[in-house]
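Multiple structures follow.
The same subunit A turns up in both complexes below, where it pairs with subunit B and then with subunit C.
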Partner chain A sequence: MSSDSTTTTDQDALLRASIDRSLRHPVMFFLTSGAAWLAVSILLGVIASAKVHNPGFLADCAWLTYGRAFPAHMNALVYGWGMQAAFAVIIWLMARLSRKECNAVGTILAAGHVWNLGVGLGVVGILAGYGTGMPWMEFPAFAWPVLLVSYCAILIWSFIQFRVRPEGHVFISQWYILAAMIWFPWVFITANTLLHCMPGHPVMAAGINAWFKSAMIFLFFTPVALGAAYYLAPKVTGRPVFSYSLAKLGFWSLAIIAPWAGMQKLAGAPIPFFLPYLGAAATALLFIPACAAGFNLIRTMLSCPKTLAESPSLRFTMAGIIGLAVLAVAAVLLNLPGSTLKMTQFSLSGYGFDVLAIYGFFTLVMFGATYFIVPRVTRREWLSRRLIKMHFLFSAYGVVFVALIALFGGLLQGAGQEDWQQPWEDAASRAIPYAVASTFSWSLILFSNVFFFLHLALMWMRLGRRSLHPTLLVSSHDAHGSSPHGEEGDIDNAGPGHAAAH
Partner chain B sequence: MSLRTFILGLSASFGIAWLTVVVVPYFKMRNLAPIALSEAKDGAKGFFYPKRTGRIADGALVYAENGCYQCHTQVVRPTYAGNDLYRPNWGGLKSDADRGDTRRETNAYDFFGEKFAQIGVMRFGPDLSNLGRRVETEYAAGGDPAAWLYERLYNPRNNPKLWRSNCPPHPFLFEKREIKGSPSADAIKVDAGENHELIPNSDARALVSYLLSLKKDQKAPAALNFAPAKKDAEN
Partner chain C sequence: MSSPNHQPDLEDSINVTEAHGRVILEAAAAAREKRIADNGSEPINLWILAACGVVAIIAGGILGGAGKLFSYGSSFREGYVRTPAPGTAESGPQPKEALAAYMAKGSKIYSAKCNGCHGPDAKGDGANFPSLVGSKWVLGETDRFAMIILNGLQGPISTGKSYGAGMAAQGAGLSPADLAGIMTFVRNNFGNSTGDVITVEMAKAAMEISDARANKGLQLTAAELEADHLKALPGEPLDPKAMVDPISLAPIAAPVAAPKVTP
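Take a look at the complex of A and B:
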């Protein structure tokens, strides 16, 4: 097919198809291994949560004692699932938006294996009792250089693609992704070198650790999820982003506010007085970027209600953005220094906030992106609408339970902790009913994600449906009878050059 | 907006905060100056140095590796940040036989010997800043504090007073041995089966030594003492 005889649309379709083809294995590798880690992480989360209300459960197993299972759960969630889902979305989005094929598949895949090895050894290290005792950085000290090097080997190509892209518009998604790609190594190197290599004051070290946690959420997971959402919302609805200036406000207010947040965890601890309260103020102010982006994206998605009802990508993205809005409200309500901060500082609320950010917002948007990207890179459609629906149902409702229960149960628990005239056991036992509910809802999420993993693995093996019709959440055309696949269900995906291959 | 401006903008917005809340405070606090005691106010010469005895470094390691910080904090917040000081014996003893009211908030000198202050994640259990003090004067009063802690670690709910505790048991910190000859003096008072005894392993010994070192209620120097003047002192 010579370029003279084809139209621009065909050339575009060809380019998109070749980008997708070049990224098939890296994207599927990160998503599938990420989904496997997600299942492992949730399993550990269920075990840890069960131990809160039933401390005798699996008590003889040193590897699964609460103090090891819980950090393993969080670290597997952050580095095993979160980071890998972000890799898949970043490399694909950056290639598509910069209109460049990926030329480094081998390096990316090799580095991806190294990343998984690092995470695997790290999680086993925590469970075996070699954790460092620094929240979210519990992997034994050997792990962080391994993760850092493989991070660079995976994402440097996306940076290069952006540098050599054809001149033209820079998309909102690209701002967010580029910023996340720069912020993560900066934050990660800072925290790890300060805490592992340059021992300082122990309390300030704890402060850096609290800042690191917050920076991971707001300077990596948040921009990656927003980048993906700013791609999906206009792309799937076919409408432009509601307001470009609101998007700018959202981006730059995040960039300016988020780096100050995090140290409110140390309110009252002996570090300079301004640090925790500055952190509390910055976290509350994150309401601004979250609402700017959330409002903008929700308006964009609502511009096309029919698509919103049908598209699995949009449904997950919408749920994730609603999660962001709840996160924004929680950031304000949980961090008021005069009233709530002292109650949420050491209660379940902190966990609820983390889970809401990572699962209720970031992960749901990543699922939305997965449902969009995977059919394009594998050139197969999702096998089953029912599996997608079930995944949504259990994930969304499960996380609503886990996060809201932990947020508000944590407030009650904190009120109990502050009530110093009552015995301590009263405050401690206030958390137990919420822990029972949390075990139950993590189990639901685990159930849905095992199926998500299987669905993904089948797609990677190219066992998806060969069809031109995307798998939508409602049966498409009544005229096509009862088959959810439609009459053309068996037609092969016709390959590049056909305009429908988008 | 060119890539250059974009990266400059990012570096500025991130860099200022990074310097202000991370780098500068970290390196300033790295060289925390010792506090000279004033003879007039403190009644002592020299420098303030809260003494801790015990296997602090390796005990802190066991504490970290087994995730004690997930449920226990080690910070007694000032009253503007929480009610920890009012909790019975959290910040010190309300009425020590020799020293009177020893309660005080945690200060930056309380973590000497540790690499990372285990401020803690959640409070499913009580604060441990003065656990050593509480065990010695309250929980195991008159008995052996270490033995009390070993039995507590083996299974908290073996102690009828702690039936509501949701702390996990730690049988893996103990070694089950056959009794040969007379029973070991270290064995904990838990039924380990016929002709067997349970001995704390080296991790348990380090941990208990560390926990007993948690006595952060030494008299703070006047320069660090923010407590309001006592009423009886005024009278």
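Take a look at the complex of A and C:
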């Protein structure tokens, strides 16, 4: 290697390191407060789920009745964790891919605090009984302009970075992230103004609400997660993305199909008759972008099995993409008007679909990105391999149980509801064993995410390992001691040229 | 002079080893990263296309059920006829026992019309709104009760007590079935239990009596009630257990106790 190219590589690494350093606090702020909201949300989810099979649980506490705990759970999950994890990943990825340092750390941090304040007041508002009753929009009406303004203040800088990037190729991740950044305000403003500012027919409002939920999943969380996965897979393995044509197919089919989905929730309601069918068909068709991106990413990650086995980022990303594949199949199977669609209307299965999308797919990919990004922005390595492994096991198995149980149990519950000559109680009692299992699995997920939050907080305080060696899931081949935390090695003692190539 | 980008050659002042060491020290994670390789050019897998094709066909089938697309005017399928649930003949709402059906109807009217003054427990407030619980005006002669509902009441009652400005007429918009429902409901709820049903025919008769009043349109007084309306409404009594349609309150499959009544 000539000294010339070494220097270019070094300069490149220094540029990347300076980009990472400039984003340390915003990224860590969003991830850590997001992880805290995730833990809060799951706790509320456990409470809500426990009330389904055990109605006397906390029955005396008006703040935690099911009708408040459940929406608080979903909204904390979506706006507290989901959006903030997305912010962290978007600002970091866009800065890296546009090769620009972040110059607006103060504004982003301030807006991030406003966002958290909005979410916090919103959740308290729901718990205090001021929820709006519109799924995923339960925050009292004051919250949405606050969230919208802070969203713009957080992500406008990523637009600018993209605009002033050095000329050249726009990477696949950037398509997805840029699209998500544009689609979110469109979806959010449309739904909120239509429902809060110019309320029309209430049945149509429920339809708009259902569209909003679907659009949040498929027009924001999905592209953000796919953007992150399209970055991590080739980056960590060092192999090219399997197929560029497949990536284009995946992106454009998502962009064309996803906006039509959502109204199937209102099948049978007195809204224009074609709308639910259109929504059901579009949701089923979302199999195409999911399948294209999923296959592409899985093939890319499988091109380097050793790295896939070692890297926490890739393991989480792989699990998330498998979640996407399951989501795609569920999108087809739950939307057949002749058989399954009517069973999803008032049952657990809609919840199962949401959890699968938000946790089983999006969140797992976000965890993968977190395990990649945090050591770079803090310049410390993850403290403990065991914590990461535990986080993975509990999260992955937990969400498999929650989502599949809710999907399947929901269908059985729906079948019970269809038998209209039986008392409603019969249908509800069919769901009890599934609700018990769901409470148990959420508790597992809660357990793992409390430790994830602590791990993150320690990393932010720069209490991570000072080492040249990344924390990998399996001890590498030449490890002398079998330390549970990955290879030891103080950065100050390592001589030049010792950097491992992971 | 110029930026390093324009001058790839090293200046003498840069010590390569030292600079590389700095990278190792400060940017270990960034330095060990792999570069993102160029995009792969594999063709789209045929199996993927086949799977997507199958899903597209399924989605087409779903969309095919939508009828005419973008017809915002129709909220149900063209020519839609409700198919009966398997194993049961389509018979509209299930018949109910008369007392339960009348009371269910009356309960809705009560919440809409009476609840505001007489209260959810029908106890009134004692000052402006009298209690309906155990009241002989409610439990006694049905004609008097019907007239009060239809026309309202003013002035002192037999005990000499006046209730505020009196009660406003509630007859506007009431159908005979509504009136029958509300009367049956109040007479059999809140602790009252006469156990009988004021039928739709009786209510219809009450409305005719009300229309025939001399001072039609004015609120009633206790004196007029005493004079003209101390009697039961005409009409055949209905067995509280007879089955009726819960919407129209019409008797179903007329059993012995519910002959057709012609007013």
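Simple rule for what comes next: the second predicted complex is superposed on the first by the 476 of 502 C-alpha atoms of A that agree within 3 Å, B and C clash if a C-alpha of one lies under 4 Å from a C-alpha of the other, contacts with A are read in each partner's own complex, and residues count from 1 in each chain.
Assume a residue touches a chain if its C-beta (ideal position, glycine included) is under 8 Å from a C-beta of that chain, and two chains touch if they have at least 3 such contacts.
As the structure is a computational prediction, the values presented were derived from the model and not from experiment.
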Superposed partners subunit B and subunit C on subunit A - clash or fit: clash
Partner chain in contact with A:L246 - subunit B first, subunit C second, else both or neither: second
First (subunit B), second (subunit C), both or neither touched by A:A206: first
Partner chain(s) touched by A:W420 [first = subunit B, second = subunit C, both, neither]: both
Subunit B versus subunit C as contact partner of A:E167, first or second or both or neither: neither
First, second, both or neither for A:I271, with subunit B first and subunit C second: both
Overlap of the subunit B and subunit C footprints on subunit A, listed as residue numbers: 270-272, 278, 420-421
Subunit A contact footprint on subunit B (complex, rising order): 1, 3, 6-7, 9-10, 13-14, 16-18, 20-23, 25-27, 29-30, 32, 60-61, 63-71, 73, 75, 77-78, 80-84, 86-87, 105-108, 110-111, 114-126, 155-157, 164-172
Partner subunit C, residues of subunit A touching it in the complex: 3-4, 6-11, 13-14, 16-17, 20, 171-172, 231, 234-247, 249, 270-274, 277-278, 280-282, 284-285, 287-288, 291-292, 295, 299-300, 332, 335-337, 375-376, 379, 381, 420-421, 467-468, 470, 491-492, 494, 496-502
Partner subunit A, residues of subunit C touching it in the complex: 4, 8-10, 14, 16-17, 19-45, 48, 51-52, 55-56, 58-60, 62-63, 65-77, 85, 88
List of subunit A residues in touch with subunit B within their complex: 51-53, 55-56, 59-62, 65-68, 70-71, 129-135, 162-163, 170, 175, 178-179, 182-183, 186, 190, 194-195, 199-209, 211, 219, 252, 255-256, 259-260, 263, 265-272, 275, 278-279, 341-342, 345-348, 350-351, 417-421, 424-425, 427-429, 431-432
